[in-house]
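Presented sequentially are two complexes of subunit A, the first with subunit B as partner and the second with subunit C.
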Partner chain A sequence: MQSSSPFFLSTQTRSAWGLILPSLALFLAVVIIPLIMTVMLSFHDWGQYKGIETVFILKNWYEIWSDSYFHEMFARTFRIAVIVTFITMALGAPEAYILNRMRAPWKGVFLLVILGPLLISVVARTLGWALLFGGKNGVVNMALMKIGVIDAPLPFMFTETGVVIALSHVMMPFMVLSIWAALQKLDPQIENAALSLGASQLTVMRRIIFPQIMPGLLSGGIIVFSLAASAFATPAIIGGRRLKVAATLAYDEFLNTLNWPLGAAVAVLLLVALVIIVVSSNALIERRYKAVFE
Partner chain B sequence: MAFLELQNVTKTFGDHTAVNAINLTVQKGEFVSLLGPSGCGKTTTLQMIAGFVPLTEGIIRLDGRDLSNVKPAERGLGIVFQSYALFPHMTAAQNVAFGLEMRSIPRSDRDQRVRDALALVGLAGYEERFPRRMSGGQQQRVALARALVIRPQILLLDEPLSNLDAKLREEMQIELRQIQRNLGTTTILVTHDQHEAMALSDRIVVMNKGVIEQIGSPQDTYQSPASAFVASFLGKTNAFEGEVQASRDGISRILVGEYIYNTAVHIKGAVIISIRPERVSFAATGLRGTVRTRIFQGNHWLFQIETSAGIATVIRQNDGTSMPEEGHDVHLAWREEDTFVRTNGKVG
Partner chain C sequence: MSKNGFISLLFHTLFVTFMLAPIIVVCLVAFTPEGYLSLPTNGFSLRWFEAIGRYPEFIRAFWVSIGLGALSSTIVLAFAVPAALGLARYQFRGRDAISALLLSPLMIPHVVLGIAFLRFFTQFGLSGTFAALLIAHIVVIFPFALRLTLSSATGMDRSIEQAAISLGARDWVVFRRVTLPLIMPGLISGWALAFIQSFDEVTMTVFLAAPGTETLPVRMFLYIQDNIDPLVTSVSASVIAITVLALIILDRMFGLEHVLTGHSDRTK
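Moving on, here comes the complex of A and B:
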């Protein structure tokens, strides 16, 4: 007999809770609780000799707010993320379009070429750039100097340009995939339809193809932006300690300065800023491209 | 002079010949259907006329002008695709206006023509709808309006009705025919549906394996098929094996099963005699057979009759007279002018 009492959960509801309980517990233990602890930590005090004091003060937050050093760090982080997003968009859109128009064997081959890097660790990929352009011993630098194109090594390591180039390379597959998914939804005859109505190839791109891949371009943009802004490995290797971004800054506060509360404040600020940017731009996109998304 | 002329048009993909040296002329204002099974080359032919696929050999002329070096955008043809290929990010009105924008028609004129085109296809008031918010039939109408609004020299229809359900398809056929007649637009329809081709066209071009089997009016192609393929593709047909003999007094006689009658055909030996099911009648004498199945289809009866020359299909109008029942013995008769006799290639 089935209980209909309002005080007892039905068997179905009980088993549903039972099923999600393990993942819920895991989520709480490794995401929610550490997050809350990090937020709490950002309000604690720290001193060179006294260590962490569990008090509630706004010292760390005030320091980030008032010190131009931190402003520079955050400005650089988001500047890099924005530039990387635009570079991957500009290069990824034509790349995905060409990929989509390829014939059977080549399409698969080049899709693998594009996605292949995802199978290699970010560290390995970034170290590749360091090998090519790392000061006087970089392979490309050596070759260029030998044939006399340049006198001094190209400034790549510890420069913002270097970080932007390496990050764009690392993020490219996410953008291409996202645009490619949007291209898949295109009617294969739609270009012919526009051509037959008198449109030039350029007009077809601008008026027909581009608006339809816009959602893919923008969702790819959100992915790349948030990954680039929170990237650690690539800025750490290319930028090092000389060119810090928010993620490497937090890392340094935790592990070098040992000022955990300040590091926590940096990390929390980065997270909050990213969430606000991503959520609001997502809402904006959905409203703007309602017709295409439906 | 012919308005559209296809001369020796050939298309090969690798070592596969999709269209093999076809010749076709279309007069101004004519409605011509390219009819054939999938893979017969009809869509490739349409795409060559549209300019999406280059010719391997041959020449296409429109109003006397060689189209070889004319881009699709400059041909001025209106095309309705099987998938409609509407621009999903534009409203119905924006879709229809696109071709006019490309032609730099002034705004006020453009708006008027868009409204007229949508009204023509029965979609007045749907201007601001997005394609996704429209039914298949409505999307189809937008696609038609978009193709017609540019006042195309030729309207090309690539299986435009195949995605609609049977009832809607029939309605659209009638409407399409009316619109085409009123505007007088030269139209080429690609279809695999013989009913659609017969209902709409002035002439039907029956294609098979890249070649044209027959060109003729719907009545001609149905009643006097030029080949066995045309006979079997256009409607149902009976194919009896028989034999033509010349008798002593100089009159040819034809044998079908045990049924013998005089004939005017000149070939001799083993033959195949094709007859439409609706041209076979029950009579007192003729080819003997037994009714195996009898199916009532409202306005007509459909019979399967076992004879010594093979299974025969017979269609009889439901005119109120009594029909033979299953298991009954009958005699099948037909008029000689309703038959199509050809040599039976089969040895033995």
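Moving on, here comes the complex of A and C:
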């Protein structure tokens, strides 16, 4: 619907705004304003007895900057997110590829099995891992001991390893979905052409398949990283009360300690860090792939 | 296209086991006849499913979740459908910025949204109320409803609308009799996905819910924080059963991967 008449264009613009305005107003009122209020909250003062004082100080930000407890916590948060991202990439890419080569009924069935967990409550899924890990009778430990990999039960509950495994499971469907979407654009004839020209399976994988699913792999990586870095329920249940990540720490400050300003500062820092990481890696990927495809 | 070899199928089997293990273990433990957590070794029992009935907080939380999901995903369409039509049909300045804003709840961590909403609603004395939960849920499920309605609005054949207009149909009639039926598949799958997102949401809701307005995932989460026993596994197994049922219906109707990638049109 393009028109050169300026009058017609402005009528169009007006009706477009009319349709979008209700949503825009909603988002302005209950997304933008609350976010601004949260940023302001992070500069307020708090005391055990006086509660929140609406002044402008840098106390909370200085506390995060200077206290090694927060450094460790943020390092742990991003370390877990990075490891989870690599695990989902390493396992999700081959699985998406295998899935794509399957035939009619199985393809659909297993796609449902692998993507389905995305819609099952994350609390229920994490409970499953808690049951699998739990104590000496945990299923994982019993199975590992039975096949003789380990002699004594490994600690999974309340450890970073446990959080990483459970989070990888929670995030896996996002990665498979993203790579799956990239695979759908791939022309199987190119693979066949390479094979008929004498390329080995490995060469086809490295030179034909891999470069083409790279954008899907990277965009899946960005999604998984940002979701893993801000995950709440899984680290809270598997990590317990001591192994804190940014989201669970902010929750603690808000609902247990009641130090809202400090909790707000942690949350704002998490948001800012994620926005910077996601936006810059998006820009990097776009630039790189523009160069490749042009 | 070449077939999967032995190693591929072995990898696939291990992968599927990994994906299903925690879900299956919850369902198995839920049937334990014992009073403690164990895999049912001597017979299956429904005692822990019967026990749910004696815990009114779970029943109540279930109805809060259902009501919240149904209301929020219905109301969100009233916002998302016009917005999708506006974004799909018109080119105007700021269009990209607006669609980025409307999709932003996907990017903003839910813990940050939870804190922002708690701060905001406390200001107006609404914290812990159902109204606050409803508004918050409308915002977080908005992107899902928008993406699916947007993709069917973009793929729609405009000439049918123009035919209706040229035959003298008024705006409202065109919308109700032509546009709406054409975008209906996107609308229904958008509603369903929005409902499931609302039903599953825990991170943001845990900040806003108060006793009485706790949703089922929040109730389950708070329960697990204190202790894990067979009762919470039978509640989880019930939730899994309901979700799987919804999942199969959604897959039969629209194809799950289309719903999840935000394309409601099937191009098979």
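Note that in this section the second predicted complex is superposed on the first by the 257 of 294 C-alpha atoms of A that agree within 3 Å, B and C clash if a C-alpha of one lies under 4 Å from a C-alpha of the other, contacts with A are read in each partner's own complex, and residues count from 1 in each chain.
Here is the rule we go by: a contact is a pair of C-beta atoms (placed from the backbone, for glycine too) under 8 Å apart; a residue touches a chain by one contact, two chains touch by 3 or more.
Because the structure is a prediction, the values reported are computed rather than measured.
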Looking at subunit A, which partner touches more of its residues: subunit C or subunit B?
C
With the two complexes superposed on chain A, say which partner A:Asn192 touches: subunit B (first), subunit C (second), both, or neither.
both
So in the superposed three-chain picture, is A:Thr38 touching just subunit B, just subunit C, both, or none of them (first/second/both/neither)?
second
Using the superposition on chain A described above, determine whether A:Trp260 touches subunit B (first), subunit C (second), both, or neither.
second
Between subunit B (first) and subunit C (second), which does A:Ile208 come into contact with in this model arrangement: first, second, both, or neither?
first
Quick one: is A:Ser200 in contact with subunit B, with subunit C, with both, or with neither? Answer first, second, both or neither.
first
Dual-contact residues of subunit A (subunit B, subunit C) 188, 192, 195
Name, in rising order, each residue of subunit C that touches subunit A in their complex.
1-4, 8-9, 11-12, 15-16, 18-26, 29, 37-39, 78-80, 82-83, 85-87, 89-92, 95, 98, 101-102, 104-105, 107-113, 115-120, 123, 135-136, 138-139, 142, 158, 196, 199-200, 202-203, 206-207, 216-217, 220-221, 224-225, 228, 232-233, 236-237, 239-240, 243-244, 246-248, 251, 256-257, 260-261
Help me check something: in the complex, which residues belonging to subunit A touch subunit C?
1-2, 12-13, 15-20, 22-24, 26-27, 30-31, 33-35, 37-38, 41, 91, 94-95, 98-99, 101-102, 108, 110-132, 134, 137, 139, 166, 169, 172, 177, 180-181, 188, 191-192, 195, 201, 226, 229-230, 232-233, 236-237, 246-247, 250-251, 254-255, 260, 263-264, 267-268, 270-271, 274-275, 278
Touching subunit A in the complex, subunit B uses residues 50-52, 71-79, 81-89, 98-99, 102-103, 130, 132-133, 146, 150
In the complex with subunit B, residue positions of subunit A that touch it:
187-190, 192-200, 203, 207-208, 211-212, 289, 291-292, 294
